[in-house]
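Take a look at the structure below.
The letters A, B, C and D name the chains in turn, as written, and every chain counts its residues from 1.
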Amino acid sequence: MLQIKDLVAGYEMRKKWVAAVDHVSLNVKKDDFLGLAGESGCGKSTLAFSIMGLLKKPGKIKSGSILFKGKDLTKMNNEELRNTRWKDISMVFQSAMNSLNPVMRIGDQIVDSILAHKMVKKEKAYERAKELLKLVNISPDRVNSYPHQLSGGMKQRVMIAMALSLKPSLIIMDEPTTALDVVVQRMIIEEIGEIREKLGFSILFITHDLSLLVEISKKIAIMYAGEIVEIANSQELYSNPLHPYTYGLMSSFPTLVGPLKRSDGIPGRPPDLSQPIEGCRFYDRCSKRMDICRKRHPNLIDMGNNHMVACWLYSGDKNE
Amino acid sequence: MKNSYIAPFFGNKKGMSGLLIITLFVVVAVIAPYISPFNPNEMVDIPLQAPSFAHWLGTNHLGQDLLSRVIWGTRTSLMVGIVTGLLSTIFSMIIGLSAGYFGGVIDEILTTITNIFLVIPGLPLMIVIAAYLKFRGVTPIIIVIAITGWPSGARLLRSQMLSLRNREFVTAARILGEKSTHMIFSEIFPLMLSLVVANFFSAAIYAILGEAALEFLGLGDVNIVTWGTILYWAQNNQALLTGAWWWILAPGLCISVLGAGFALLNFSMDEISNPKLRGR
Amino acid sequence: MNDFLKLEGVSMHFPIRKFGKRTRYVHAMDDVSFSLKKGEILSLVGESGSGKTTTARVIAKVYTPTSGNVFVNGNLVSKKMHTSKLKEYRQRVQMIFQDPFSSLNPTKRVRSILSRPFVLYKSMSNSKEIRQAERDVLEVVGLTPTDFYLDKFPHELSGGQRQRVGIARAISVEPDLILADEPTSMLDVSIRLSIMNTLLKLKEERNISYLYITHDLAGARYVSDRIIVMYAGMIMEIGPAEELIQHPLHPYTQLLKRAAPSPETGFNKKKLGYVGEVPSLISPPKACRFSPRCPFAMEKCSKEIPPLYEIGDRKVRCFLYEKSNQENVRFDES
Amino acid sequence: MRYILRKTGFFFLTLWAAVTLNFIIPRLMPGNPAENLVARFQGQISDKALRAIEIAFGLNVHESMINQYFEYLGNTLRGNFGTSLVYFPTPVIKIIDQSLPWTLGLFGLSTIIGFVIGTLLGIYVAWRRESNVSSVTLVSALFVRSFPYFWFGLILLYIFGFMLGWFPLGGAYSTKTSLNGLSYVISVIHHGFLPALTIIISSLGGWLLTMRNNMISVLVEDYITVAEAKGLKERDIMLKYAARNAILPSITGFAMSLGFIVGGAILTEIVYSYPGMGYILYQSVIGQDYPLMQAIFLMISLSVLLANLVADILYGFIDPRVRE
């Protein structure tokens, strides 16, 4: 359904090019729940914004394509893009607190997304807005509330309702629960799962919280410094992480059960993306680095079982 | 740090043109005796002459050379602008910073006073105060403008103080055991500097326009040479009805351009300290 | 072992000003009592609005509590302290902040930020001496080469590096107690553990005690000896870390545990369902604050505030554990 | 409701402050210049009227300050401002009654027009901030804002009144012929056009800059990105999402700017000899007519404060957050 091919996107700073997303290819199929995990600054939000066509100056898509149902989103003009947005692909943003217009009733904000795309009567749109609120466990008479009258969790539910308003086939969720407390986060994640079962749509779920992702998503892509370094099914990735970065991330969150292991996370910090890097981008922080890693860039290779990894440890042609 | 504050300023076209304008006026004010072609208070030619080679800006009803008067007027106008701007900024700082820093009852009282002065119209108040003053001159004008010019600055500084005071690095300094004076002057103040300077620029604009207005109304000392008094004499001698447009054009332009110079500086300070505002 | 820090019935109510009159209060912290031993790491776990940060700030003397007493080393910490006494107190109790971006002054280099503790507490004025002391402390928190970091401004450092500068600043004072207010929550996952490990190392090497504030139950398990669970301004449960997490007594602790992400259990985990939201802290009713959301709520729960019942080395604020109810206790083994 | 009550409370507090300032200022001045006022009135007006003047300016009164103050407050409340000197023997209140409507009409209308145009331009400049038109507009606004009102008025008067003769040189309506109905209205508009234009253009720059800065701060907010992602039309995003939030600080800033513009309007009236409050204020200053001057200051303050109250209440309607 969504095919990202060799996408290069980033930011044009005073003569410098910061490659936030570098040659990324990714597919989201129908009914997929794809998780995209990575640390801050790894380019995951840039990727999401590129898909939505929301990348603003100095941000820029340099090359590659984003095909949605066969049409290239990067080549659309403004009007076509406007029509595709929200109707086919919608998005739930990170900061629920600031995602709603503070001076408009939430009902009006849901309704205007419907009216921007469909020729329906206003009353009908309001009926729909009420239905949507009910769907996300908010009392329908809240249509007349203003954002400041809602709690953080309710605001994010409103955003989800809004994202559902036109029955899109793909919803991008960019850290939808990061700003929320654990209990609220859990409730919302469960609700998302239930609604997805009911309505059937694909999700691209972006987060830095790998422990959460392993639990909820079908498939996970790990992003590091602008590149995808590993893709696999969640269970497979959890039990058998191949890339040293994935492995490091997996042992970076303390657990609630089992013996207490002391671990040191991943030392160092991600590389400066405004400088060209020849070899592997994880080289500086890698505990298993080899000589070749510094010189040559590893590409994603298929390890079977739908498991792809970009690391010289698993490449046969090491000595080439 | 010094560099990271000042460097963007040199790259800012608006800021640089503002600086250029102000510098130009300052230079003119300093070297007024050397570049002024005539004594500004002497009758040097036939009254009400249009601009010519001999008198670039023409002459007034007493046959005084207007170019010389404008040049000498720069001194007083600029001085009043800067001194008054400084005075109001100091008032604003004392009131705004103490309200923001101490909070509580002190804040409530100071804020209420500020709000009251904020909505009471400034120029009419200036006129009323100036009208009561028995002696006319530059000092009363400075005082009157400074009295009415501080509230908007105080309000801005207070709100910035409030937000900075609650920043974690200030709490950190407090927990580390720093004294209040250290926290205000070493931790908080460096971050307020740009706003204080911006505040000075707007206060200076206010002062320059206020001074011109009061003098135009004859509420200053009409016998000294300033841009405002040139306009006063022009108006009182019906300059326009006699077609002597040159009499009003130059001093007014000078006020506007000087004001714009400060406005440009102010605008660029805003852009630098708040990168969001940078248009391009 | 001696209690180094002790809180007795401490409450913090913030007034809401309307027309200058104080009519309503936010009960950010109500009747909080606990103690902390020398060299112990005690975690304060709770969601936002639970009062955990307020507790830390009351201990740090940023806020003056509405009522109750704080004791440090057996001495009462009075509300108004003489300057020299306060300085002595500050030297014992330091703090690490949640947001490494805002807890360092953006206009100052690391070198000048770190010089303050030495000027204030070691009476150093010789710049060479200070520089050497700064190098030593940077070494301890793992920022090497030290001279490289001394010349940096905060905005030139990563979040983790900034947090290390914050830790360096706190330990330069050589405190006995560090209040760590969610020190890892704004950092990248991959470096959280190494910050926690640094804190653990300092505890072992310097016998520093910590009050470690977090919303992450698993993180609390990783670092702490004992855990306090707070909800809506009150302590709900206190107990040794491992025991409390494996066998949570209070229904709220049970909820917290079930809500935490756990890839080990994965999809087969029991669903939470809709469990309501945190109540308003403005003039709350006299009742168990968790009762509106509690699956085990009894009539009594909405009428009075349960006391902290002692069960072995644990304490729990729930009527389920009143003597007469003890037989009916249901443990949630999720 | 509570919000409106609070704002009304502040209105009365400020009004009280203005009235009290009026009482204090002459008493603070070294060598009260109002002294010879009484001498000039002596024997010309009734004793009661004379006493009102003495109370207002603190002359020859042997009562305690507090008693004076309350008597003054009473006089003010009853509109008893005394008699004008310049327009002797007309009572001050009558002069105000005649000049206030002119000021309110001219000034009120042109301030609103200036606000609307300036704000719209500010929205445009921020929305198209990459374009050259925006840059030029912005810099021109910086200059226009620094024009002294009276000077700009003089220039307009010279060009359109004196040189081209399109507009009259002063007054509010033609006094030459007897006017009725429509011709009166046309005459009023004809006379008011240049002063109005002066105020509109001079005030517009400030509104433009305020709105532009607010817009740019708002445009980086997340809800703008969300609106874009929702595929709303550009115009809807600009007006319903960006401008509606950006205008809030402008309305609060109204207080600050209004006082400034009122000052400008006074000078404009003087330049155009427009028989409003500003012109009368000027006459009273020249003629040392302190009773008239004080009353006018009070009236101007009252109008500004009322305008502020209206702006505050309006704000409550636009921003739901302050209502409760």
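Keep this in mind: a contact is a pair of C-beta atoms (placed from the backbone, for glycine too) under 8 Å apart; a residue touches a chain by one contact, two chains touch by 3 or more.
Everything numeric in this text was worked out from a predicted model, so none of it was measured.
Least step count on the touch graph, chain A to chain B: 2. Should one ask which of A-C and B-D has more C-beta pairs in contact, the pair is B-D. In terms of their C-alpha centroids, the spacing between chain A and chain C amounts to 32 Å.
As a whole-number value, the distance joining the C-alpha centres of chain B and chain D reads 22 Å.
One simple way to say how far apart two chains are is to compare their mean CA positions; for chain C and chain D this gives 55 Å.
Averaged Cα coordinates give chain B a centre that lies 50 Å from the centre of chain C.
Residues of chain C found to touch two or more other chains are absent. Chain B meets chain C in the complex at residues 1, 4, 108, 167-169, 171-178, 187, 190-191. Chain C meets chain A in the complex at residues 47-48, 158-161, 188-194, 196-197, 215-219, 221-222, 245-246, 255-267, 269, 271-275, 277-278. Of all residues in chain D, only 221-223, 225-233, 236, 240-241, 244-245, 248, 318-321 touch chain A in the complex they form.
Against chain D, the residues of chain B that register as touching in their complex are 14, 112, 115-116, 118-129, 131-134, 152, 205-206, 209, 212-213, 216-219, 231, 235, 240-241, 243, 245, 248-249, 251-252, 255-260, 262-264, 267, 270, 274, 276-277, 279-280.
The residues of chain A lying in touch with chain C in their complex are 39-40, 137, 151, 153-154, 181-187, 190, 208-212, 214-216, 235, 238, 248-249, 252-258, 260, 262-267, 269.
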